[in-house]
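Two complexes follow with chain A in common, the first pairing it with chain B and the second with chain C.
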Partner chain A sequence: MKNALRKILVGSALGAVALSVPLAAQAQEPVKVGVINFYSGGASGPFGIPAKNAAEVIIEGINAGTIPAPYNSVGIAGARIEPIYVDENSKQKVADFKKLVQGDGAQIVIGYTSSGSCKAIAPVAEEVKALTIFAVCGTPQIFEEVVTEPKYAFRTISHATSDNVGAARYIIDTTPDLASISGINQNYAWGQDSWRDFSAAISKLKEDVEVKTEQFPKIFAGQYGSEISALLTNKSDVVHSSLWGGDMEAFILQGGGRGLFDNSKVVLTVGDTAVERFGKQIADGTVIGARGPYGLLAPDNALNKWFTEAYVARFGAQPVGPSYQTAQALLALKAAADKAGSVAPEDISAALAGLTFEAPSGTIQMALAGGHQAIAGITYGTYKFDEAVGKGTLVDLKEYPAECVNPPAGVKGTEWIEGGLQGAKCN
Partner chain B sequence: MLPMLTAIAIIVDGLGFSAWLFLSSVGLTLIYGVMRILNIAHGGFYALGAYSAAWSIGLYSQTGSTIALTFLLIPVAALVAGVVSGLLIERGILRFMYGKDEILMVLVTYAIFLVLEDVTKLIWGTDSYVAYQPAFYFGSIDVLGIPYTVYRFIVIGVAAVVGAALWWALNYTRSGKLLMVVIEDREVSASLGINVTLFFTVTFVVGAVLGAFGGAVAAPEISVTPGIGAEIIVLAFAVIVIGGMGSVGGAMIGAIIVGFARAFSVHVYPPAELFSIYLVMAVVLAFRPYGLFALAEGRKI
Partner chain C sequence: MNNLDRTELGFIAALPLLIACGLLLPQWIVNYIHVSLGTGLVALGVMVQMRAGLVSFGQGLYFCIGGYAAGLAGRLWGLSDFFLLIALGIAAGLVVSFLLGFLLRRYRRIFYAMLSLAVSMILFGLLSSSEELGSTDGFNLPATSYLGWLPGQSVSGDVLYVATCIPTVICAILLHRFLRSPMGYVGEALRENEIRIEYLGMSARKAVHIIYVIAAVVSSIGGVLWAMALGHIDPEMTNWVTSAQFVFIAILSGIGNVAAPLFGTLLLEFIRVYAVEIAPDSWHIIVGSVMLLIIVFLPRGLWSLVSSNNGLKNKFTHRVKAASEPEGARS
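The block that comes next holds the complex of A and B.
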């Protein structure tokens, strides 16, 4: 009897506690945020998992209010984030997106790595009026061709034009006798756009640079024996490559084993993910990019310090480009929600358009496509293996400001390059 | 007229790529020839072989012992991966399916392939594995001034040896001859006292080991990542369709045709690289719809 009474007492006390919690939180119900990336398949190792890791670190930091200023308040506009992770490696991306928004009740969607995904999702996001922040994908086509007047779709990373204009500027600045270039890029939108922008920018920045050979292997080909022979027989001063992930790593191994990297200066626009693990296998003098000031090329600021430490402490590895890019998208969300003082998607959209915010990669401006497309600076560096510490380092870092490598508002990337990069502000 | 240098490069690159293609597809054609199963799970064996080789080479290299022994690890890793997974799948699943429609078997093996993909991810995670030590061990040699890794020539040699060994085993050993009877007519050979089930099991395991071996041999030159199995299955299928499904010699010819088509296109007209493979496939099939060396279909009454 005594026991039963105690049970009732304890039970009702617990009940009171349980009741009071939702009451207190009701004012600030958690915001459901869909976080989409490749959690399976070939892109999961280099992109999806580092992106998810970063999302976990940042969302935890936002919910606990532990991120340094200006993000040191709890939640977004006071509300906690409740993430829903969805795999991008799917044949029915549009259906997945609609289910996430309409079925699972995600108010905001963040992520997407493949340019193909972003092209497919952007119109749907507009159609179902779902605030969607693209985090990693690169093709300039999203707001230049697919959705020209976005209201709900945003992208918080600069598009691929800046990667390749930046690479071209770095090559021009560091290769005084440049006379010839070659390329090896994957045979789909990303590879083709990258090579087109790089070769066009080089031809505008320096006269009479000869193109020796343009190789377009299939994505995930893995075997580049013939291409490397072609690059060796058509010897050029510089070889440009936007291969990423496993393809890029295979290219480093196969090309390195045959002296390609000593024969030509190779620029890897997405090479940063290999630096930490490849050590001596990357030839000194290889030019490495990270699609922006990310990873090893990130600036030294308080946000970056906090992010790197939190990430390394939790996962035992350095954050790479996609980690920074995902962090950037989530911080853009917080910055916009805090500014709006609301978590209603319309209010966040209004605040995010044209916003300038801080990220571990520096200051990001939502400058293009009516304030929906970010521009950021880009940094390239040259690989050097440091015998003393037994690790790869990047030297001769050059930082190009956002206006130096991105087209002005209202101008398409390709037109800007073809027109001779008018209006670029590089100092 | 091609310059000499380009012609030589096409030959060496073509052979190098063909060797890898042959090693990666011969297991697929062997299983089809004997069992009439188009084994999509072949891609899974390839990935298992690549992962186990890269993983074991990585572990071994950390000990600081001589790299030469990693050349032993490659076949051993393939053997272990192939025998274990091949036996499990054949004894655990496929033997209950024999005699079913060929289309159904494609679906069954496709399902197994998807399971294997996830198994590799469970075991090895999503990070890439690199095990370059064997590929760099012998350095490179110049062919008319173009450096090639010695490893690539070793792979060419290994492919030739594997092809010759299979040919010899099928044509000149007692088991090989019995196997030919099984291929010709399953029911008659069973009634003659041949243990057809045993032949099926052994063939499937050998096919699995060959698939894993293709992956293990490739591992030192690539970055082993999730999804490599799905890539190889398409190429391997193209190779054995060109050569004639079920024919080991056909797989060799198919590999050489595809390998040279790709090398030729890369050196002469790079934009057509991917297209070239399917162009030769279309041309071959237009003239020989069952491939170059299709097995004769035994007439059933």
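The block that comes next holds the complex of A and C.
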């Protein structure tokens, strides 16, 4: 066993030496980019695999130069991308990250879905000076608390504040006689933060809105009988829910059967994934969000058209939120590298800070945290089953610009909401 | 106490070797060795209980308690001192296990396994639903300091690695001593025939209690060391998946020697790393196949490769394995 261990160690050591040749010396050599997400385990279905699919489509497009303008040149600053896929489903996330950077020679890392991963990785990215673009994770703490002066860490999606401020604005705009709200959210960081932001934003946007009941079922509970009873007995005008994936689908079926969706207007902040499959089972009037202008809520632009077509042609399914978010991170990388004319991490980092770039989900501005945190607009819509086509559609789409649902630079998300959403620009 | 046996001499010789590895090998390899020392100590805690015929499916509880003791001290009071955090981890593990021991010492076999699992999942539920304690996202630890000295960023990794090696080796040697002490042999007897222990005038429950506390403390130390190496803690540390991995490592490495779980942890970590490299979305198949092959061809665990020509030891480990296997297999 000792021999075997030694062989492994020596082999890896040799491999590491061979790979650590500086990239800058060989400009047209492919650039190794680590692409990390959940490729196994419970989060792989809703997050990791759609993200990986998008990465394959975009990287192929970048290497072939087939993406529409402004991305119609080959490679990033002329260099091809060579992806290294690594599973986020691991206890040793930091060691895996360091192996990717120091062992496999990836100078750029893109991905991460779990907020816990992002919190753990952000300081390490700064420490080992590896350009790291967080693609999917939502916690505002990354640049508000964990790394306050980032140099190498970026995030190319808005943090979760915008989802729920957007939802609150949509409810206020579409429900003139709003008097009471309730919530059903999972009892973990995502659910707790979502409800806190939504209920606080509602209370600041309209006076005297009563909170009837707050339900916090366990994540992956799957059964919501008692929570639905509580929501029915404490009838409120609006029910907010950030349930996602299978939990959200179970809630639609169980709540629909008991008339909850007819009793109250339900907001599903991550409801987009159910639209295609559930058809008539979703009640008309349900408010649907997608954590950004993705999928059915995406804008009608050339990039989105190309992306959706390429994705559907290859995988036979529609791209979902994490697909758009991953595409966004890779296009941010291309935009910054092309602007810098270099693939050295320092040059890309300097070009990416404060950059405004185009993505299938619209225009993204790297506006917060010294240009390291993106802000983007958000769109919500109301569900309507189209009898003629036999498919679900979203009507009354409302698009909220980035400055309307994100805090200004230097202000924390929760403080911004508590302070009455000062400085919001909504046209 | 001066008569060191082969294992103890081996550990003492391994310490400079381990430190040399840390300074000579590429940094990313050292990282895996570093985190494996922490998780290895928890596997060691599981192995100590297995020696007494007790399988804990909730050892992640103390892994987590150690990690959170260190993390919360940093979060609430800004503490980052290596020695202080280890002391806090030991204290937290000691207090909790001493109290829970009164409950757990009354149970054996599957009941012990399930009850330990239940307790660990209670902590998981509490931490996940508590926003003050970081919920499921957990929180980060400050950089580790040593008696007021905060090493610069260029050397902090190396210093922490060396600082981690030393308590790990000390724990291993002390546990080895414990297993060879009269109390350690009571553990063996506990597995063989509990009634006879009572006839000999000893309390079986007390023996279980002592073993439970010792395993808890060593796991807490592992939790502190692992948390400092990673710099981040979350409730996954006490999830049953994590606990089950420790049981797996203990079974696969074999329980013949305290070195086995430490080596086993490291080896399985590298198997996983290379499996992920080969197949990022189906690496579980590779790791699972390796585990199956080990169970089929090395029923006494990986350690039987090392101790193969030692007849007496062989017989002993075989018995130990045979006795502990049914619980592992059934659950």
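Definition applied: the second predicted complex is superposed on the first by the 400 of 427 C-alpha atoms of A that agree within 3 Å, B and C clash if a C-alpha of one lies under 4 Å from a C-alpha of the other, contacts with A are read in each partner's own complex, and residues count from 1 in each chain.
Definition applied: a contact is a pair of C-beta atoms (placed from the backbone, for glycine too) under 8 Å apart; a residue touches a chain by one contact, two chains touch by 3 or more.
These figures come from a predicted structure and were not determined experimentally.
Participant: Is A:P123 touching anything from chain B or chain C once the two structures are fitted on A? First, second, both or neither.
Facilitator: A:P123 sits against chain C, while chain B stays out of touch.
Participant: Look at A:N187 in the shared chain and tell me whether it touches chain B only, chain C only, both, or neither; answer first, second, both or neither.
Facilitator: In the superposed model, A:N187 contacts both chain B and chain C.
Participant: For A:K99, select first, second, both or neither according to whether it touches chain B, chain C, the two together, or no partner.
Facilitator: In the superposition, A:K99 contacts chain C only.
Participant: In the superposed arrangement, which partner chain does A:S44 touch: chain B (first), chain C (second), both, or neither?
Facilitator: Touch status of A:S44: both partners.
Participant: Once chain A of both complexes is superposed, is A:A353 in touch with chain B (first), chain C (second), both, or neither?
Facilitator: Neither partner.
Participant: May I ask you to decide whether A:F216 touches chain B, chain C, both, or neither, giving the answer as first, second, both or neither?
Facilitator: Both partners.
Participant: Which partner does A:K91 reach: the first (chain B), the second (chain C), both, or neither?
Facilitator: second
Participant: For A:F278, is the partner it touches chain B (first), chain C (second), both, or none of the two (neither)?
Facilitator: first
Participant: Intersection of chain A residues contacting chain B with those contacting chain C?
Facilitator: Residues 39-40, 44, 48-49, 187, 216, 218, which sit in both footprints.
Participant: Give the list of chain A residues in touch with chain B in this complex.
Facilitator: Where chain A meets chain B, its residues are 39-42, 44-46, 48-49, 187, 213-218, 220-223, 225-227, 229-230, 232-233, 245-250, 253-254, 257-259, 277-278, 281.
Participant: In the complex, go through chain B and note every residue touching chain A.
Facilitator: Per the stated touch rule, the residues are 5-6, 9-10, 12-14, 16-17, 20, 121, 125-128, 130, 132, 135-136, 140, 146-149, 151-152, 218, 220-228, 231, 262-263, 266-267, 270-271, 273-274.
Participant: State the interface residues of chain C toward chain A in the complex, per the touch definition above.
Facilitator: 21, 25-29, 31-32, 34-35, 39, 125, 128-129, 131, 134-140, 153, 229-232, 234, 236, 242, 245, 263, 266-267, 269-270, 272-274, 276-277, 280-284, 302, 305-306
Participant: Could you please specify the touching residues of chain A with respect to chain C in the complex?
Facilitator: 1-2, 4-5, 8-9, 12-13, 16-17, 39-40, 44, 48-49, 52, 85-87, 90-96, 98-99, 101-104, 114-116, 119-120, 123-124, 127, 139, 141, 146, 187-190, 192, 216, 218-219
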